[in-house]
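By letter and in written order, the chains are A, B, C, D, E and F; residue numbering begins at 1 in each of them.
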Amino acid sequence: MDGEQAPGLWERPGRFMAAEAGYDAARWVLAGAPLELTVSYRAGTRWGPARIREASYALETYSPDLDRDLEEQAIHDAGDVALPLGNLGQSLARIEAALRRPLADGKALLVLGGEHLVTLAAVNAALDRYPDLVVVQLDAHTDLRDRYLGEPYSHATVMRRVLDLVGPGRLWQLGPRSGLREEFELARREGRFFRDVGEGAEALAAELAGPLRGVPVYLTVDIDVLDPAVAPGTGTPEPGGPDFATVQRAIYTLARAGARVVAADVVETAPPLDPSGRTEIVAAKLVREILLAFAPAAA
Amino acid sequence: MDGEQAPGLWERPGRFMAAEAGYDAARWVLAGAPLELTVSYRAGTRWGPARIREASYALETYSPDLDRDLEEQAIHDAGDVALPLGNLGQSLARIEAALRRPLADGKALLVLGGEHLVTLAAVNAALDRYPDLVVVQLDAHTDLRDRYLGEPYSHATVMRRVLDLVGPGRLWQLGPRSGLREEFELARREGRFFRDVGEGAEALAAELAGPLRGVPVYLTVDIDVLDPAVAPGTGTPEPGGPDFATVQRAIYTLARAGARVVAADVVETAPPLDPSGRTEIVAAKLVREILLAFAPAAA
Amino acid sequence: MDGEQAPGLWERPGRFMAAEAGYDAARWVLAGAPLELTVSYRAGTRWGPARIREASYALETYSPDLDRDLEEQAIHDAGDVALPLGNLGQSLARIEAALRRPLADGKALLVLGGEHLVTLAAVNAALDRYPDLVVVQLDAHTDLRDRYLGEPYSHATVMRRVLDLVGPGRLWQLGPRSGLREEFELARREGRFFRDVGEGAEALAAELAGPLRGVPVYLTVDIDVLDPAVAPGTGTPEPGGPDFATVQRAIYTLARAGARVVAADVVETAPPLDPSGRTEIVAAKLVREILLAFAPAAA
Amino acid sequence: MDGEQAPGLWERPGRFMAAEAGYDAARWVLAGAPLELTVSYRAGTRWGPARIREASYALETYSPDLDRDLEEQAIHDAGDVALPLGNLGQSLARIEAALRRPLADGKALLVLGGEHLVTLAAVNAALDRYPDLVVVQLDAHTDLRDRYLGEPYSHATVMRRVLDLVGPGRLWQLGPRSGLREEFELARREGRFFRDVGEGAEALAAELAGPLRGVPVYLTVDIDVLDPAVAPGTGTPEPGGPDFATVQRAIYTLARAGARVVAADVVETAPPLDPSGRTEIVAAKLVREILLAFAPAAA
Amino acid sequence: MDGEQAPGLWERPGRFMAAEAGYDAARWVLAGAPLELTVSYRAGTRWGPARIREASYALETYSPDLDRDLEEQAIHDAGDVALPLGNLGQSLARIEAALRRPLADGKALLVLGGEHLVTLAAVNAALDRYPDLVVVQLDAHTDLRDRYLGEPYSHATVMRRVLDLVGPGRLWQLGPRSGLREEFELARREGRFFRDVGEGAEALAAELAGPLRGVPVYLTVDIDVLDPAVAPGTGTPEPGGPDFATVQRAIYTLARAGARVVAADVVETAPPLDPSGRTEIVAAKLVREILLAFAPAAA
Amino acid sequence: MDGEQAPGLWERPGRFMAAEAGYDAARWVLAGAPLELTVSYRAGTRWGPARIREASYALETYSPDLDRDLEEQAIHDAGDVALPLGNLGQSLARIEAALRRPLADGKALLVLGGEHLVTLAAVNAALDRYPDLVVVQLDAHTDLRDRYLGEPYSHATVMRRVLDLVGPGRLWQLGPRSGLREEFELARREGRFFRDVGEGAEALAAELAGPLRGVPVYLTVDIDVLDPAVAPGTGTPEPGGPDFATVQRAIYTLARAGARVVAADVVETAPPLDPSGRTEIVAAKLVREILLAFAPAAA
């Protein structure tokens, strides 16, 4: 690598704070997936990964509530998955392929979206390694439509496709407050549905201490689960959600219950829609808390 | 109507979601009143009706909390009242005239403001048909001045004029946290004043089950009753207000108590003041919840 | 239609100013195509048609430079083509189908984008009726790539596909100042390329008076042909373009030369990227000038 | 005045740069008139005076093109005329009354708008002292309607009212590029109309050297005369206008011709519509150049 | 002062509402300190004092919760401390010098920041007069680093310097939720640390009724103590904070306990970072509540 | 480096487009210097380097006007100089030290600011290697004050310090339209001053063909040389500047004259001040044109 970098005191922007580990040494691998193809209302999630990384520097690496520090973790920031333009199927395939490798190498995965469809690719990748995966979704929307404007793959159908993959009873939905009547019926029938994030976390914690002990968990956080006052920079803000502390507590509840999170994502952050810039800071803090709350779980 | 519309698959923007009924069939009539003439601090309410309609498409027609769907309602979107420029008296007269007809036809009315003075015109129209009208105001401000900078008609005096019309004891104010000392004194003396939205709703619900049973109710929601974190896009945001869920619960409290809402408005949404665009979504969701919570009440 | 509209003095938002004619009576048909699927840098063109219509009311219907008035024209605003989500092929097919009918009926067409790919659908529709179509493109970019990130259909390849359709020599490009070297080589070899908008218009005018007399013309205006100072609200603003008056003059040059414009579009306006709101006004004024400069040409 | 101001080194914001003279000593009096009552499209001019003053500190007091410095001028910043809310007639009367006094005292006047109607009040005040006043208008719009939406007083009728006051031939319009056909006909018939700002300035300069020598001039600059690229922060931006240097040169042309400007205004700056903040800087620079270019002319 | 001000009805912008008292008569002195030199993430606090004053006019002078009115207080707005550019030491010295005088004159002080370092200058000034000063800090951050990027004076070290001045046990920190591990350790060891604002206020109130009775208090409110949803316009917004009512209640708790506040500040408001403009209104309301809650305490 | 990067198809954001060369192979070295310490009006230049790099991807690597492509150049993006907080002297020293090395290695340097003071550090570094350096400044401001608010080092004094370094006659100023009278006098006396960018470029080109043939040139472009319509995102926008094409032509004029540019900078881009995002694109295009127009000149 001689001569590759200019000599002297230089900084290279573009990494999440404290994600300084090389790939081999890392227990967490952070990956951006700036997918944005099925937007229905307002756009901007493709800028999510870049701005969340940048915003992380507005925070400390230390979490006083957890009394843990990112600098004591081995985190590798892999960059963004390189995506083709306008081709949804190929994009999902590339994300899945890119994420499969770190999972195979026993790394825990933290994916920065991008739109919610990245969860489908990531769950697909995770199921390969963890066939008994349970998916936990924090979201304002059920995202359980079978088709949306005729299309089977969209941010409004993503959790239906995930439900198809993991099967009844293995999708926990915490917080949805918007959807079609049939989506809520399906959520209650085949999923584990909780209108209240906190109650859902408690219920899941109870099972994690019992029947679900040790099960590998995929945690997907759609930033719009938060009230739009807290996270306005998202495509379909839905009034009436919880504040930051409530979502933070739900994460702690799962962590204290020993949830074995093997992969997680934070999706639907659309920075251009929030000129105050706080949504990406909120997303970055959620990422920090997830990285710190859950000890990486190798197979 | 042959030849009026281009043949083929076209969409016409400009209606509130699911407001597809013709006038005759409708039980609810939705009307915009983009009045904006007495602004004291910051402007933009004239864009309220257009943006609230547009924002409604970010939401679902179904309310999971109420388990009701706008698509099961007969709602007619009448468009906006055509207003002259800069002439307040004539504007109020036109709004009143335009609204009188649907009320006479036994429709329930949902008015989108515009500044709060539209409530005066709408209450005037409603009193014609419902002389025993009770007015319920959710608002951060008392709006009870007799004059504001010398003028009897302004967004700061509107509820005083309404109080003049309906008489002592028939104006319920829920949530005001700003005003002059004499306004609060008047509110407590001649109105029914509750600093707390939830407590006010409970007290009103109790009377709706008793002395006020069956009385026709006009519900006016000034969007600034919400904390500015929730609804920043309004002319005079007043810190320290309730969150969305609290206001939503107050509406449910009234609905469960059988409130007979014959007309309602959502006013003071000023979209240009909120570049995140969430205030108009908040307004649209309040409209949806009001349309669904209160069964239209004909005379 | 009795009972369809509330009685009284109402306005219905959602039409371009003065586009009050019914379809049958109209000579111009205005159509929105809010397509946005292959964005590479920044998003927002899906809001183009709605905002351009709204912005038209900031302008007069009268053009003092042309001494003509939209109110003296018969213009029908057909609304927007209803588009599926995330399916590019189907979207293009629907746009093409929707536009084919007015062209078949001998109407002149003015399409509001949406991203530049709508031009491909519109040219396809127009070729059916006008097989000898010449396409005139005002644009900052050549848009002549054969593939873009592997995809044959995108805003970066659209004019290559159009060139495939109309054949060498029938695509006039006025103003491109950005592209790959091979695009510029192709533009010069198979198209008619002019770096300067005004020079290009003069050259075309000369041929319109000669070999191209009477040929049906499709005029596509990518709003980014203008300098970003003039039209910042677009996905890929390219510094160094002409001002508004220069583009206006080019349109007049073609009109004076008797250009028989059978269809036109104004594309790539992305209102959310311009908080000053002037880009949609610029687009609306271009639409007005095109509608007034070119007398609709039936077959 | 002992004890009025805290002892020590304090700054008081709120004055135009270098406007440090007391009233008696001043030759120029600067006055704000934050009137905003007849807005038709977008609001914000009430913030004009405050933001233009603030923005002046982004500039130097010295004009290199004129080689003059505001610090060598005696300028008094009188503050803003105190305006009632929502009452147009009374507002205009107050502005007129407030401005009459400095004119009577032989001061030259520079008024910061507010909407264009302030010009009517100011011209009324000036006519008292200068009955042979000639009005020079730099504007994108003719503003010559007799009525606008039924109202005789509005920003769209203001120059018609001014024309009523000063009489045929005494209103020079430089730059209008938008209006009704009848407005342009009237402008050409009864006013002195020039589509091009520079040509108009040259023509006026010629008459100032001849028949109009020594005549008192009222100069009104509607900021929207500039292209919206230069001054986007205004209510009805009209594409296709001149750049800053062109307007600056027109002012110099008049100054070199010895124009005796007894009063001037810069109106229609709407700072909230320009988040880049440059429109108020443009307005402040126009104010500086006017203050420096025209030596105050006492009677 | 003859001839200093133009005769007539003029308003002078630039004061906090109701701060109309002369210096000698005043019990409260309001002072701006638009210092901004050690920003680490995002800028804009230099505009704090000007915008907070302006925003105060969106509020009433009357606080219904306290039933007190600013118009019944004698408040002098001294303007802003004149600051040199880019020289931190000299800036702090000037602020300290400017503030020392009103304190010596027995006035209570309310300082508008500017960045948090103004607190250091203000505490220094206050210690002169009140050597037994206790400092109460409402803040999202501990601000207790010894050095930040090598520098001893910055917004991240300011409370460490204050702690150096007042000594162990005399710095009360209410609300910090971000910092280094060693900062939290120091806060708990040498300061009085409360993660929860309300609990901290109760604890302090208890001591104010006992061992700390009558002690002079300096109250510093970093606007970022509030959740970013409430106050997004600040340099380093930290998700997970209290809402406005919680902070308001904490102030009331201290007031009811008889806290003798001799000086206070509200710092770190960065208006350009909040295009909705509500953060400066929040700051202005905090200022109003502090001015009303605490009776000025002379020595 | 095994195991340093995650295996698979990843992209790493954070480089200027096509700046893919390693340091040793590079002829151009690109360096960010996000210095921002002496802002007088509005802030944001610290975000310049990051956003200019990001914005470069909105452009092509190929310049059709020059018919050259960045992909045919060997460019190394060294990242940003790591800067201490709030310490101006140390910051300048670090920038100078970091830049000295590539210059010593015979690389040509392109520095992204950051405020204009970075030019002082860069010129200092360059003088070491090129004692006969001539500095060419494109700027709206003279920046020739000896002190600004008492300070010798600020963005308003930077070119005075540079003039001190290079000596009379070796500073060419193209375009200044703002400054104090004494600055313009100094510029004309000791520098080479041209109010008009184009005229200045021609004059310099003439000397480059004669007495200055082969002299090493430092080119500093303050983005505010452009009219604020073109580049609104800068701290002190000065109305009345040239458009993009004019500045581009000036660069070509120098290039055609064989200017031997050994180092260059583009400074004062403040992205947060331009929500349309075009200023950073303008800056990126200037960088591209400079990189392509001037062949790197080793000693």
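Note that a contact is a pair of C-beta atoms (placed from the backbone, for glycine too) under 8 Å apart; a residue touches a chain by one contact, two chains touch by 3 or more.
A quick note: this is a predicted structure, and the numbers were derived from the prediction, not measured.
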**Report entry** Both-way neighbours, i.e. chains that touch chain E and touch chain A
**Finding:** B, F
Query raised in the report: If you list every residue number at the chain D and chain F contact, are more than half found on both copies (same) or fewer than half (different)?
Result: different
**Report entry** Whole-Å separation of chain centres (CA-atom averages), chain A against chain F
**Finding:** 40
Query raised in the report: Which whole number of Å gives the spacing of the CA centres of chain C and chain E?
Result: 56
Report summary line: So chain E residues touching two or more other chains come to 42, 227, 229, 275-276
Query raised in the report: Considering only which chains touch which, how would you classify the arrangement: line, ring, star, complete or other?
Result: other
Report summary line: Those chain pairs meeting the touch criterion are A-B, A-C, A-E, A-F, B-C, B-D, B-E, C-D, C-F, D-E, D-F, E-F
Query raised in the report: Along chain A, where are the residues that touch chain C in the complex?
Result: 36-40, 42-44, 46, 84-88, 90, 148-151, 153-154, 272
Query raised in the report: Across the complex, what residues on chain B touch chain A?
Result: 57-60, 62, 64-65, 67, 69, 227, 229-230, 243-245, 248, 275-278, 281-282, 285
Requested in this report: Can you check the complex and tell me which residues of chain F touch chain A?
Outcome: 1-14, 22-25, 29, 31, 50, 54, 76, 78-82, 94, 97-98, 101-102, 275
Query raised in the report: Any idea which chain F residues touch chain D in the complex?
Result: 41-42, 176-181, 184, 195, 227-229, 232-233, 236-240, 273-276
